[in-house]
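Order of writing sets the chain letters: A, B, C, D, E and F. Residues in each chain are counted from 1.
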Amino acid sequence: MKETISNTVRAEGLIHALPYIQAHRGKIVVVKYGGNAMINADLKAAVIQDVIFMNCVGIKTVLVHGGGPEIEAMLNALGKESRFVQGLRYTDEETMEVVQMVLCGKVNKDITALIQRSGGKALGLSGIDGGLLQGKLLKSGGEDLGLVGEIETVNTQVLEQVLESGAIPVVSSVALGIGDAAGHTLNVNADTAAAQIAAALKAEKLVLMTDVQGILRNVQDPDSLIKQLPRKDLENLKKDGVVSKGMIPKTECCSLALDGGVKKAHIIDGRLPHALLIELFTDEGIGTMIEAEKNA
Amino acid sequence: MKETISNTVRAEGLIHALPYIQAHRGKIVVVKYGGNAMINADLKAAVIQDVIFMNCVGIKTVLVHGGGPEIEAMLNALGKESRFVQGLRYTDEETMEVVQMVLCGKVNKDITALIQRSGGKALGLSGIDGGLLQGKLLKSGGEDLGLVGEIETVNTQVLEQVLESGAIPVVSSVALGIGDAAGHTLNVNADTAAAQIAAALKAEKLVLMTDVQGILRNVQDPDSLIKQLPRKDLENLKKDGVVSKGMIPKTECCSLALDGGVKKAHIIDGRLPHALLIELFTDEGIGTMIEAEKNA
Amino acid sequence: MKETISNTVRAEGLIHALPYIQAHRGKIVVVKYGGNAMINADLKAAVIQDVIFMNCVGIKTVLVHGGGPEIEAMLNALGKESRFVQGLRYTDEETMEVVQMVLCGKVNKDITALIQRSGGKALGLSGIDGGLLQGKLLKSGGEDLGLVGEIETVNTQVLEQVLESGAIPVVSSVALGIGDAAGHTLNVNADTAAAQIAAALKAEKLVLMTDVQGILRNVQDPDSLIKQLPRKDLENLKKDGVVSKGMIPKTECCSLALDGGVKKAHIIDGRLPHALLIELFTDEGIGTMIEAEKNA
Amino acid sequence: MKETISNTVRAEGLIHALPYIQAHRGKIVVVKYGGNAMINADLKAAVIQDVIFMNCVGIKTVLVHGGGPEIEAMLNALGKESRFVQGLRYTDEETMEVVQMVLCGKVNKDITALIQRSGGKALGLSGIDGGLLQGKLLKSGGEDLGLVGEIETVNTQVLEQVLESGAIPVVSSVALGIGDAAGHTLNVNADTAAAQIAAALKAEKLVLMTDVQGILRNVQDPDSLIKQLPRKDLENLKKDGVVSKGMIPKTECCSLALDGGVKKAHIIDGRLPHALLIELFTDEGIGTMIEAEKNA
Amino acid sequence: MKETISNTVRAEGLIHALPYIQAHRGKIVVVKYGGNAMINADLKAAVIQDVIFMNCVGIKTVLVHGGGPEIEAMLNALGKESRFVQGLRYTDEETMEVVQMVLCGKVNKDITALIQRSGGKALGLSGIDGGLLQGKLLKSGGEDLGLVGEIETVNTQVLEQVLESGAIPVVSSVALGIGDAAGHTLNVNADTAAAQIAAALKAEKLVLMTDVQGILRNVQDPDSLIKQLPRKDLENLKKDGVVSKGMIPKTECCSLALDGGVKKAHIIDGRLPHALLIELFTDEGIGTMIEAEKNA
Amino acid sequence: MKETISNTVRAEGLIHALPYIQAHRGKIVVVKYGGNAMINADLKAAVIQDVIFMNCVGIKTVLVHGGGPEIEAMLNALGKESRFVQGLRYTDEETMEVVQMVLCGKVNKDITALIQRSGGKALGLSGIDGGLLQGKLLKSGGEDLGLVGEIETVNTQVLEQVLESGAIPVVSSVALGIGDAAGHTLNVNADTAAAQIAAALKAEKLVLMTDVQGILRNVQDPDSLIKQLPRKDLENLKKDGVVSKGMIPKTECCSLALDGGVKKAHIIDGRLPHALLIELFTDEGIGTMIEAEKNA
């Protein structure tokens, strides 16, 4: 009889999720996948399951990833020494070749293979494919960062066809160079790529998976998590120093997405197993949700 | 912290269901809805949620219903006395009018309204609409049963269009008379209607919701439930008296469906809340599953 | 030789209809079906033929019906006594149950069955199905009328799919309660329902079948029929008392439809056999036609 | 009151036609247009109306025409003398040029213009367009007839697209030469072209408009018309001399069509105004109907 | 070894054409076919090949033609004497009949047959078919020119369907009369017809094939060809007498097209074999190109 | 005048290619890209142009590639020593990681970027994406080769969608492991992958780009090239030693493709610039063509 009870609990769990499934079906959610959730094998498996679940219940899910640690490891293995400019790694031709190879050939295909093996359907793409992401050289304070790019145009056609076919597009943050970068491929920030893709697709949500809880009013106090935030409050939080350091670029990506037409941007803690499912399908979100609608 | 844990459990519940969702997506499941599950308000609410959940995860769900108790009550309220033939109620013109009115106007629209109110999309139909079910007078041992019919043809076009549009068809077991019944509508058995609809749609599953546990090897012993059964064993079980009384027509409906191309027929216990979800999305089925494939 | 002549006459009849068929093909016509035309068996048969003819020559026809007399009869049969408020029947829960049952289960399915039997294709729907008609409690001069509703939203998607599939939607004037009526179904006026459906579909025509000739300048004089009328003249006719009593709500429905985008509203005499065909396919209309275009 | 009565009669005329409309909708009917019906202005106007009516009620109508008298007139006007072989006009290059010009440029476009002017939609084609009719030189008893052809292949794609778009294809009996006729266009018999097109389209009906009543058992006796005929009886009628002279090629076209999959072939009297409508939409056909189904 | 070299040269020729193919694919080009290119057999064959090539590489090509010399010849053959008004041939009923017959039946079908024989797919149409070109009587300085028309409306639906099906529409410059020309067909100028069709289709290019090099700054000097020209410069060139005589109506057609939304209009020398291919697929255009964009 | 002549020659080149374009349009051609044509920058650019040209004229082109030299270089750079089994490199986990990374991340994306930059549209895929290529461990004479795989199933759905969208799929020869290889990705031979993809797509042609002329009857004599060959002759040529060494696996791939439904297999010399264009669009093929049809 024990199993019956437990199955009933499970069934109730599904029913608990039902209103959320009804709300999200048919919507586009762009997930920036990264941090521990991409390193720890158990977390990784859980993310893959979450994404397949999202796809199964009709959410059009786009997975965008970078892969800093894996690039680092490969550069080391190749004995390639890095030069840093303003604390950022200078991306020369050789480094770019490694970046492209690791992101598109290793990280991207590993994620894609995991989804396929778990019974999902995924297509591993990069910004190169179908001209999905096209960019120019990033000018950062006049300093030359080599083949680091900023995205000029997002060609959503490829993504739309893949989503329409029912598959999950997995996208590497590598762009096709145009203008001053013509003839090169470019290293672009994955958070920004995710934000720009979300904006171009007019996604319902952008979800950034991070290794922090979200925006904390007091960094020392885990209970000070800001759960919900209108986009217009971001500037003040920055002025007050609540949003600082590594959280600044994260919130800038959220702003970029929201200003481009995305409804909600989430900064969630990827260290929690099934963080995506908990965020999307239970009665309390996790991390910080920034909303476009509260602006006016 | 308690909620986080509980949410994690919920998320794991969803992940537990994932392989079942993956297996059933895009398939057609015909559910005969009846018994206690249609009378008890809590069970009713649970069935509606189950069906919406099934629809949400991409299962093409058809709900077929009768409504004996409600017909009985209305006949009584109208002071209409019934004549019985071989233990079956004789359906004269006046009775048929009440049957049609109660099934199509009360039971059908109540279910449809419940689904709509719960955020689902349903279309309440009968065998009359679009000529979905067309039948002749049922000849039962030479006795005249009045406007009791047996289905000759199932016109699946209407159902396919409704399923394609993403809505749940809710079907009353009333048929349009043809041949010797031309000009009349007919009272048809809902279990049989469900079985014939499942066969005509080449459904993956027929699920009969009953008020018993399933087929018990020993009716006295609830632990003697036969969980799985090849279709070919049904005859022997009937000979052995394991399948007897009210279970005989149920199994005949299952045979009808399986012989018509349905993969699996289930006799489940509708008295269990969320019996449909437990059957479809957990690791152990409930009730008895009869399989076509084990025939050969 | 007589038959040949007669057939030639018939052929000329078809050719006479040709320009009207060419003009109406592909357009939407919403017919409120009621009055004697729904009671008298011959008239009924003629209306069904007319509607099938309209459908056959490519007119997208929607049939909306009420069913006062049949509801009355059933309430009587059940010994249910009615309470009246301001001359209107108060619709309590029990009465509403009967209204829904009779309209959706008896009248609607009888019409649908007739069309199917005559070789047409019809789908019997109500405002409940697919959330087609959603309404709130009708506030009439502060008096509580029980579950009498007014329509807030018309969800045309279901109708469009049925029309697209080539079938005739037959719609009962029962609505799904929302807001203060959530959890209930509502009794809505069929003329108003037809008008609001016509407006929501941007229909070419709304045709109200009545038991009068149309608007008579002098009620005593059948020759004083107003055949054509710009919508803007309705107010003056009301002031002058030409439009009075039962004609007031009829013309209000016409105004509702015309203001909502319908091109022409017709009040026709359903007591004439084939009134619909005569109106649509011969050189002189019958009844009164009110036109939107003459407003400016 | 007189008009009302007359309109009612008209409406009844439409209703009389309804079952025929229901039976023919969506079917393909190929009409060979010719004889007096193509010369007399009133008959011509009536045929055009008939064809538009057929199109309006959903019959996919293909009009195939020749144009002997017009070709004759043009050859005379040009002072071109004809050579005859076995009683057939020898078609030299110059004659063929005139045939093509008159059929495709005069007759075809005149019919097309008439349909357009009457509110229909037509596309004037020939066997050249889209390779619709491709043929070789006709070998008739070893005698060279010049550019007279027999059709080898019918490319229905063009016709299907035109029918799908809702327009009426009007087809001249001129073919594109292949094989021994490569580089030339060919003069093909319009009856045969119509029969082969009907067969290639698996049409419901082939209708040959002629200047006779149909097949008469006794040519002298107009009352001896054979109204219905199984295809298998044709041979005997030929042996018996009932089918003789000009009727022989007509019945051979019918056989060709029926053997190619057409259901019914009609030889009708085009001298009757609205012969097509009378045949298709009244309770008694005119002329002779030959049926494929009675073969077995 | 010689062949291999020569094949390499051929391959390089294809590659040379590649950027032009990429630029023109999917665009609509309307070609007015006329002059020597329609008389000389070799030029004719070359034009047909060019048009098929254009079609093969994905350019949606519409061919519009007149046929003055052939009409002239037929009028002469028929001994029909012409009356001239202001130097223009007066088109009486009889002349119009010849115009229609020759253009639609001879010239149009000859071109269509040539394309089909060369492996292309073409549909020969006129302004009559599907109501493609509808016009009124042309008022030219108060003088009556008979059935000479000017186009009022272009119904592009037929052309779009033909282009969508992958075939090449070949269009005769004959229009269906409306208004004061109702009941007649009209003789319309082919250049103007091409320009109006190009405008209605929002074509990328209008190409007028002529028997001159293009616009010469000095008519005596073949080296004075104006290769490129903003539309706004046309007026000055006319004032300066550079655009004069027969070039005036040609440039007016170009203006008509450009003002209607066409991007570029070309006046090319049809006496050069493969003038169309050279213009479209090589690095230097031939003739004069007038551009819309340079206006502002 | 010189340019005009030269342009005429170019135009004639296009016309020369026309019949070949007409013959190949709409067909599927699978190209195995490899050898010098993938190393030499000029040859590479020429292949990319060829493939874009093929795509532009409507040939559905699939590009399959390996990348031995690049893998070798990366393994060396990483100081990874290789173990050889029967002359074949043993693919351990670490090696496989490099294979996947180099093929999918470097070679594949470089080709895709080149096509995009040249104005084409390409999607870089691997056998992992959408489960395109699924394989097991290759058993070669009982020896364990590590993660070297043989393809079990080709899932053409992804390729068909990409081809349908008008893009060029570029495919890395890496497969998703199933069965005994579950959980791994596999190194598969690119020639074999191309052959199996061609068979699964029922391609018109398989083209293997090699660094040899084709099959030479006498390896010493470049003039002994066998230009055309029925598939059935391959066995004898192998017995006779004409097909030997490296040519054996090439011809086996051709057989695999032809036996799977491909019409023609070509072994061409990729060292010739524009070898693909010359093969497809000129009057003499290059290399050896093996035909399925000559079998019988």
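Here is the rule we use: a residue touches a chain if its C-beta (ideal position, glycine included) is under 8 Å from a C-beta of that chain, and two chains touch if they have at least 3 such contacts.
Molecules present, by chain and UniProt name: A, B, C, D, E, F = Acetylglutamate kinase.
Bear in mind that the values here come from a model prediction, so they are computed numbers and not experimental data.
Enquirer: State the smallest step count from chain A to chain E, taking one step as a move to a touching chain.
Expert: 2
Enquirer: Taking contact as defined at the start, I'd like the list of chains shared as neighbours by chain A and chain D.
Expert: Touches both chain A and chain D: nothing.
Enquirer: Quick one: how far do you have to rotate chain D to sit on chain F, C-alpha fit, nearest 5 degrees?
Expert: Rotating chain D by 120 degrees superposes it on chain F.
Enquirer: When the C-alpha atoms of chain A and chain B are each averaged to a single point, how far apart are the two points in Å?
Expert: Chain centroid spacing, chain A to chain B, equals 44 Å.
Enquirer: Could you tell me the distance, in whole angstrom, between the mean C-alpha positions of chain C and chain F?
Expert: Centre separation, chain C to chain F: 67 Å.
Enquirer: When the centre of a chain is set as the mean of its C-alpha atoms, what distance in Å lies between chain B and chain F?
Expert: Measuring from centre to centre gives 55 Å for this pair.
Enquirer: Can you list the residues of chain B that touch 2 or more other chains?
Expert: In chain B, nothing touches at least two other chains.
Enquirer: What's the contact topology between the chains, one of line, ring, star, complete, other?
Expert: Topology of the interface graph: a ring, with each chain touching two neighbours.
Enquirer: Output the circular ordering of the chains, read from chain A in the direction of chain F.
Expert: A, F, E, D, C, B
Enquirer: Going by the contact rule at the top, pick out the chain A residues touching chain B in the complex.
Expert: By the definition above, chain A touches chain B via 3-4, 7-19, 21-22, 25, 46, 49-50, 52-53, 56-58, 119-120, 272-274, 277-278, 281-282, 284, 286.
Enquirer: Under the touch definition given earlier, write down the residues of chain C that touch chain B in their complex.
Expert: My answer: residues 77-78, 97, 100-106, 108-109, 112-113, 116-117, 121-126, 128-131, 157-158, 161, 165, 167, 174, 176, 182-183, 185.
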